[in-house]
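Going by the order they are written in, the chains are A, B, C and D; count residues from 1 in each one.
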């Protein structure tokens, strides 16, 4: 970004004001910004995914980049290793990823749409396998460990009681009545304090985001604030 | 394999030579996939704060104890550890660590042999393994019981009780229902939970003939949501009412997506909005705009940082685990209800461990927490 | 009247927030800024540096976090240029080094530095952004010039005079990390401090700071400035009143507006509830 | 067949992931990395579907001349503009380098739009807290009080108001206490609950008990 009343800054400032104007009411400038934002951001991710995922992860690894542009400044891929050196390179397995990706695109043909369930099933499998272990390890085990503490101070008692009652709130198998109901009630109090406190805690940083935009308008663009 | 050596090359103060590091211990990195050896030494007596001449350590490696040592790495003053990630499993190595001070060098005797290897089980994770095994067995056992026909009680979940009412209200008003399945892709279990709940909501909208709009921010979510909505309409006997354009993509960008939904909400004023899945900062932007047009809003997420905002701006919020319980609760399918019971079993175990463990810690009987150390 | 207040048009609240944020930018109110020990630690570390010392500034943030972190960056850079410390800029976030350039631009336009503007490769260098997150820090622990073979302009790092004689963290006298998340201060502590014993202070966004406090108490981090308050404190200590102080005032005003409306909402709620009972 | 094979794929891949968490030995050690890469590659292909859908919806709006159709044209042009700039005029892989047309669009169009959208939160936290933080019930009162004290404790005014008290019990310290103890306890309960929910959902997916995401035949 540059300083002053330049074309670039004016463009950025108009877009900034356009988005903020939505707070007053929906209006043509906001509609313009919104439509532009959707198009530009979709394009941004489209280009980024190509250069940051598809190209290095698939084309470079397989060696397709070198086949298409022989003088490109990239290392040899699995295909070159296989055909020039006659050696098996495990990167050749990435060809399956390419196949799965193309199967995904079969969605575009109504009769072949079902093929796209394979890559989808692959993603769901990866996700559930990954989450199954990592979440248990980092959320359940680690949090459990740090909650087992000596009950020798008010602070520690607050932590243990709060965690226990909070967990009881999430207990689904019994109606929350009697002792269980009482504990679950205390659990909701803790949850409410948690939500209130984390809300209050973030207010400040949200303000600073807006300060950044206002500063852009008044000092970078208009030069009114030194 | 543990090998250690002690060596004392006499220090010659006239030449300003440093003392070498001592007690070098080299061993295979445990619980790994091989290819690494870890070295640990006690610092040289010259390696003290304020001694600016002391530069650091050099690590040398060879496959023979007598010759062929080459520098494989350096470590700054004050360090006592280095991992050699460039070993070939099974090959025997010898190591030397030497101190550098000014232009002089002092080295200890070589230590070894040591070789790296890969292990068949990560023993550091045995606790997670056992716990997950117990939990999974419990879940599967309850699913089995549920399938056998045992009735399983599940308490009311306020946010889910309201789903019928919310769909009903939209029908009465003749307005649309928006369903936002989060802003993350299918590589997030919350998104999967979100689209599963969409199936139950879509069944209701099919029955009531209420217009449903599902704007999404990821292509794969679009594909999945279409499958699910289509099946729901089919099961409700209304395949004719289904249309691909009910589920449409906007942009992968978190705020671009929020900007577009804000616009849609103020223009079309939906009667009901669902937010179910993984959300980041856009949560409040969406929920406040939805609130401004008077929509009934039901949210559910397992993103702890966004829960406060949904609680503040929505009529009902499914908190964390309740999001994952929702599909079971809404469908009342035995196999799903069974897994909820399994979760509750896990919760009871955790509660018991916290209470008993804290008592043990209070009286200092032994260090109970060490059982739960994660690696 | 209270009933009306309960259903107040939200745009009135928006307007108050906007005014509370804009007005302080044009005011010159002196506020009492208490200096916290964590920020004083940063100042003490900086003061100990001799002229000619090398300071590494790691810019690990992007424009949305700039209001909080940019004032810190400007203040620390001004201090370095004024006391003839050599600044090395780098970033683990793609936008980071661009933020550094913005900070330098603004310093060049500053009255105090007009006659003696910072010069590239004499007073500072910018090594640019490098992918690899914490692995970059680890690589720098062995060899900075190999990790960053070229600066952001494309010059070989070995040809830069500021980089002469620098191999790894042993040759860097002080690191200041500006961080808005991952990768950031936590990674710098774990890799640069714990493994390579570098001397590190940090500036963090207000949201991020609490996660980093434990490292200050344990001594791994020598000093921490958190959020705009930290920025204002840093400006006061280093003697350059800048945007941090101004922004801090805006933020406090807006905060008070929010609190004020919460009170109004509750007063109105209880007043109308009383009426209904009658 | 159209449902069985996907279920098998999910199960096999899911189990592989779980195994590699516990077994560091080859070939499992390289699996995690490779499968994650594959997932990224599938995502990179899949974005085509979304983008084509966006173009189709926008073109439909233009051809049917629905209300506000010119904005649909803006979306298409915006998309083409950045995609052409990114693919043909920004130096290939180095498309993010300062000075490229792609970077210019990023800095002067994308960043102001997205940073401002993000900044709108400043307004929304104000309006949401005005509405939500009212002492209607016991629970709402706790929500209100926790938010109120933490908010006040974060600005110098809070401490100034309680300056007559000893330093250790002033508002900022009380706010810290709320964050460190009751707040931490609540968060832990939420996190442990989430972990259990995720474990059982993942298990259902891997075993094919939950399969509605695959749709009908």
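Criterion: contacts are C-beta pairs under 8 Å (C-beta built on N, C-alpha and C of every residue); 3 or more make two chains touch, one makes a residue touch a chain.
On a predicted model such as this, the values are computed, not experimentally measured, just so you know.
In this assembly, C is the chain whose CA centroid lies farthest from the centroid of chain B.
Interface comparison, B-D versus A-C: the pair with the greater number of contacting C-beta pairs is B-D.
Spacing of chain B relative to chain D, judged by their CA centroids, is 14 angstrom. Rounded to a whole number, the gap between the C-alpha centres of chain C and chain D is 24 angstrom. Separating the centre of chain A from that of chain D, both taken as means of CA atoms, is a distance of 4 Å. Among all residues of chain D, those that touch two or more other chains are 21-22, 39, 42-43, 46-51, 54, 111, 113-115, 117-123, 125, 127, 129, 131, 133, 143-144, 147-148, 151, 154-155, 179, 187, 190-194, 196, 198-199, 201-203, 205, 213-215. Residue positions 1, 19, 22-23, 31, 33-34, 37-42, 44-45, 104, 107, 117, 120, 123-124, 126-128, 131-133, 135-136, 140, 144, 147, 160, 163-164, 167, 170, 191, 194-196, 198-199, 201-204, 207, 209-210, 212 of chain A each touch two or more of the other chains. Those residues of chain C in touch with two or more other chains are numbered 10, 14, 17-18, 21, 63-64, 206, 251, 254-255, 258.
Viewed as a contact network, the protein chains are fully connected, with every chain touching every other. Those residues of chain D that touch chain A in the shared complex are 2-3, 5-7, 9-18, 21-22, 30, 32, 34-52, 54, 68, 71-72, 74-83, 86-87, 92-93, 95, 102, 104-123, 125, 129, 133, 138-140, 142-151, 154-155, 175, 177-196, 198-199, 201-203, 205-206, 213-215, 217.
Per the touch definition, chain B reaches chain A in the complex via residues 125, 127-128, 131-132, 135, 152-157, 186-189, 192, 220, 223-224, 227, 250-253, 255-256, 259-260, 262-263, 266-267, 304-305, 307-309, 311-312, 319-322, 325, 340-341, 343-344, 347-348, 350-351, 353-355, 357-362, 364, 368-369, 372-374. Here chain A touches chain B in the complex through residues 19, 22, 26, 30-31, 33-34, 37-42, 44-45, 104, 107, 116-117, 120, 123-124, 126-128, 131-133, 135-138, 140-142, 144-145, 147-152, 160, 163-164, 167-168, 170-176, 191, 194-196, 198-199, 202, going by the rule given at the top. Within the complex formed with chain D, the chain A residues making contact are 1, 8-9, 11-13, 15-16, 19-20, 22-23, 31-47, 49-51, 53-55, 57-58, 90, 93-94, 96-98, 100-102, 104-105, 107-108, 114, 117-136, 139-140, 143-144, 146-147, 155, 158-167, 169-170, 187-204, 206-207, 209-210, 212-213, 216. Per the touch definition, chain A reaches chain C in the complex via residues 1-3, 23-24, 201-205, 207-212, 214-215, 218-219, 224-225.
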